[in-house]
Amino acid sequence: MNKTAVYPGTFDPITNGHIDIIKRAARLYDTLYVGLAVSQEKKPLFTVKERLGFIKQAAEGMPNVRVEFFKGLAVDYVRSKKSMVVVRGLRMISDFEYEFQMALTNRKLADDIETIFMMPHEKYAYLSSKLIKEIVYLGADASSFVPDFVEAALRRKLKKHD
Amino acid sequence: MNKTAVYPGTFDPITNGHIDIIKRAARLYDTLYVGLAVSQEKKPLFTVKERLGFIKQAAEGMPNVRVEFFKGLAVDYVRSKKSMVVVRGLRMISDFEYEFQMALTNRKLADDIETIFMMPHEKYAYLSSKLIKEIVYLGADASSFVPDFVEAALRRKLKKHD
Amino acid sequence: MNKTAVYPGTFDPITNGHIDIIKRAARLYDTLYVGLAVSQEKKPLFTVKERLGFIKQAAEGMPNVRVEFFKGLAVDYVRSKKSMVVVRGLRMISDFEYEFQMALTNRKLADDIETIFMMPHEKYAYLSSKLIKEIVYLGADASSFVPDFVEAALRRKLKKHD
Amino acid sequence: MNKTAVYPGTFDPITNGHIDIIKRAARLYDTLYVGLAVSQEKKPLFTVKERLGFIKQAAEGMPNVRVEFFKGLAVDYVRSKKSMVVVRGLRMISDFEYEFQMALTNRKLADDIETIFMMPHEKYAYLSSKLIKEIVYLGADASSFVPDFVEAALRRKLKKHD
Amino acid sequence: MNKTAVYPGTFDPITNGHIDIIKRAARLYDTLYVGLAVSQEKKPLFTVKERLGFIKQAAEGMPNVRVEFFKGLAVDYVRSKKSMVVVRGLRMISDFEYEFQMALTNRKLADDIETIFMMPHEKYAYLSSKLIKEIVYLGADASSFVPDFVEAALRRKLKKHD
Amino acid sequence: MNKTAVYPGTFDPITNGHIDIIKRAARLYDTLYVGLAVSQEKKPLFTVKERLGFIKQAAEGMPNVRVEFFKGLAVDYVRSKKSMVVVRGLRMISDFEYEFQMALTNRKLADDIETIFMMPHEKYAYLSSKLIKEIVYLGADASSFVPDFVEAALRRKLKKHD
């Protein structure tokens, strides 16, 4: 049976909403792999190393969570972990189109792997890495959206100069 | 860890889409309870006994699937099974509003229980028990929407008289 | 080729939005059948005879529009007209779920018949027979939502007594 | 200028989400009328008198909130209050179709009156009077969804007999 | 009470839909600030000066409308105007996801400021600055989508050479 | 009457979903023009010549399908073909916003031309040229999403080097 699940994403950077999903999924599986998808095409704000560091720091104290990066297809990574479950967060405000396309496309690529959607706490329903970056760039305090160490890093990278 | 999951519903009657979700969920858990929610307020077409019979017949050959009815709250039923997972199907064409309201309300009632959404095969994306009843009433052949024994029962209950 | 199309519905009563779709579809086909679906289960406000009368009056001056009622499945009615096209209006504010379910279910029942969706003029985007009935019942003037003869009939059936 | 706004609804019963909107709207206007729409057609669980009582109790300590019932069209009620603003809550999970239809229909009936949509706190995003009634009927504790006095009343009306 | 509201946006360029919202909001408040958000990251077609000029010309004859640009967070700009109301247009066809995320994020940044959503006239339901630019680039006449002076400017910037 | 319809798009590259729509529309019209929209602004993966070649190869054996490219507005192209019908596919998972905006904008530009929406087979509901390119870039086999000759071309353009 499915002892292992994978939560893939780009996590640029990890938000409190991602962390909520990690906590919820970690309760449901013996091992949860948080898989940072590395793509040369997208231009992330944070490096792979920085993003991995953030996720690891956020997952401290969750003994059954492993944090890794992967290249290539998510389904290949899932298989390499002997898992058959992809976890995705589905907010009330979500890009359903993209999530459903990806889930059905992954199923066509690997029929033995299921995507399960979990809902984050409703207080994270509006969080988006993209929007957080935009408002920090404009000077906002993001400490209620991301962990403190991510907020500090965002500020260093994005804060406007006085 | 979560060896047991519960798939609650009214199943009036069970469709090929429900059966697809049962198959997919049964692969992910040691035991899957299909829980028929009995409510005095709704006026189902089929009796509880009939509906249980259909589900059991559909689940033949799936050794880790148990079929039961329950009264009261779904979360109480889930707890009574020592489970922490509610499975729900989420079609591309879905009543998201109702599903999300129910999932978040259930979480408020029982914070330790998670709803996971799974997608049925896209070929079942348009199936709805309500619509199937409507078209059989109008004379349609529903054999591509429900198992044969359900189609026969629908026809007996709903088919127009010649 | 498709010289004939069918626009099915319950038209209880016909609104300016329905009439807009009839006009648009009538321009695209040699013959357009407006098919009033008769169902014993639904409880319409107007009788079949009244509703047919309204549609016919609304379609006056459209020589290639035929108005009929039908019983049973829409796809059977479409076939009886040697047509392969079902026309449905799709407003920006629509019950997509129902429309898509019906279209895909109809396709499964009759693979040779296509549903085409047309958009009414945006000024009719918010019209709904149900809402019109509600507000006329509460005393509203519906003359900008339905033809005058329908407004008069609605008033007779629904207007509150002084 | 708009010193007065109206928040119409059926409030059967009032939820914490409604109360959140009342608080937010009361901050924006000199006077906020909460207008209980009385309709003979709908079958509410609570009487007009009970529902008015709940709203008044919930609005205690909000000096600029008036609680009334009205018959007929909402726009006529709004005009009778010399107001030009209808307030409606718009949850992330909402019946957009109905809300938009109603807003545009009201505009057609009264072009001088605007509907403004406000978002309740995200923690109320999933609240629905209908769902609350369903789960209390099944035995749930609704004290995190409605005020205590409403919960007690719901329990009296709906709680299953032991 | 809220005598002042702010309507922020990028207005690149202002459309008839924006102008409709400005007119409606100006009727509801003593003073309406139209705030042009200046961001170095986005690459607008028109300069800040051009866009301000278009808005001012469009708002001629509306004595209680002020047109300004601002840098930084919208909520900070709103506070600097002693306002507590952000106005946003919500079309039937809208980017709800973005609007709701922004509204809830703004609330977290400034709990005393409310976003109110207003619907433009349905005849502007389909207008989008982005789409207008695309079609003018392809040679379309945009005079029914934007004021004449904006259409002329668009043509100068975008029209294909003969 | 409408003997001719036009199916415009960028087809970068054509997918099995596009081909399904072409087949369905070709059955409804005497002549169907598949019109490849050429825009200098978008950066397609395949050249106009390549994309035309793919469409022509996919449409082999459909005698009433013509494949062409066009510059400028789709409605002008439609008129040049003496057609009054634009065909667009509308998947359950779709960018409704964009499709509806485009349809209503086209109507404003050319009131005599109607957009009709057709649904592809539900098995293509999740196909997107963009997502297909992403996953082939990551190493996936796309042979169930596109014709073989397109898959081979995608692989040549996108496949990661070993």
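For clarity, chains are labelled A, B, C, D, E and F in written order, and residue numbers in each chain start from 1.
By definition in this document, contacts are C-beta pairs under 8 Å (C-beta built on N, C-alpha and C of every residue); 3 or more make two chains touch, one makes a residue touch a chain.
Predicted, not measured: the structure shown is a model, and the values here were computed from it.
Undergrad: With centres defined as the mean of C-alpha atoms, identify the chain lying farthest from subunit C.
TA: A
Undergrad: If you average the Cα atoms per chain, which one ends up farthest from subunit F?
TA: Computed centres place D farthest from subunit F.
Undergrad: Calculate how many whole Å lie between the centre of subunit A and the centre of subunit F, each centre taken as the average of the chain's C-alpha atoms.
TA: Each chain's C-alpha centroid was found; their separation is 33 Å.
Undergrad: With chain centres taken as the means of their Cα atoms, state the distance from subunit B to subunit F in Å.
TA: The computed centroid separation for subunit B versus subunit F comes out at 38 Å.
Undergrad: Where does subunit E touch two or more other chains at once, residue-wise?
TA: Where subunit E meets two or more other chains at a single residue, that happens at 92-93, 96, 100, 104, 122, 125-126.
Undergrad: So which chains actually touch one another? I want all the pairs, not just one.
TA: Pairs of chains that touch one another: A-B, A-D, A-E, A-F, B-C, B-D, B-F, C-D, C-E, C-F, D-E, E-F.
Undergrad: Name, in rising order, each residue of subunit F that touches subunit A in their complex.
TA: Its residues touching subunit A are 93-95, 125-126, 128, 131, 135, 137-141, 144-145, 160.
Undergrad: If you look only at subunit A, which of its residues touch subunit F in the complex?
TA: Within the complex, subunit A touches subunit F at residues 39, 41, 72-73, 76, 96-97, 100-102, 104-105, 108-109.
Undergrad: Could you list, by residue number, the parts of subunit E that touch subunit C in their complex?
TA: 92-93, 122-123, 125-126
Undergrad: Hey, which residues of subunit F end up touching subunit C in the complex?
TA: 1-3, 24, 27-30, 84-85, 90, 92, 96, 100, 103-104, 107, 114-119, 122
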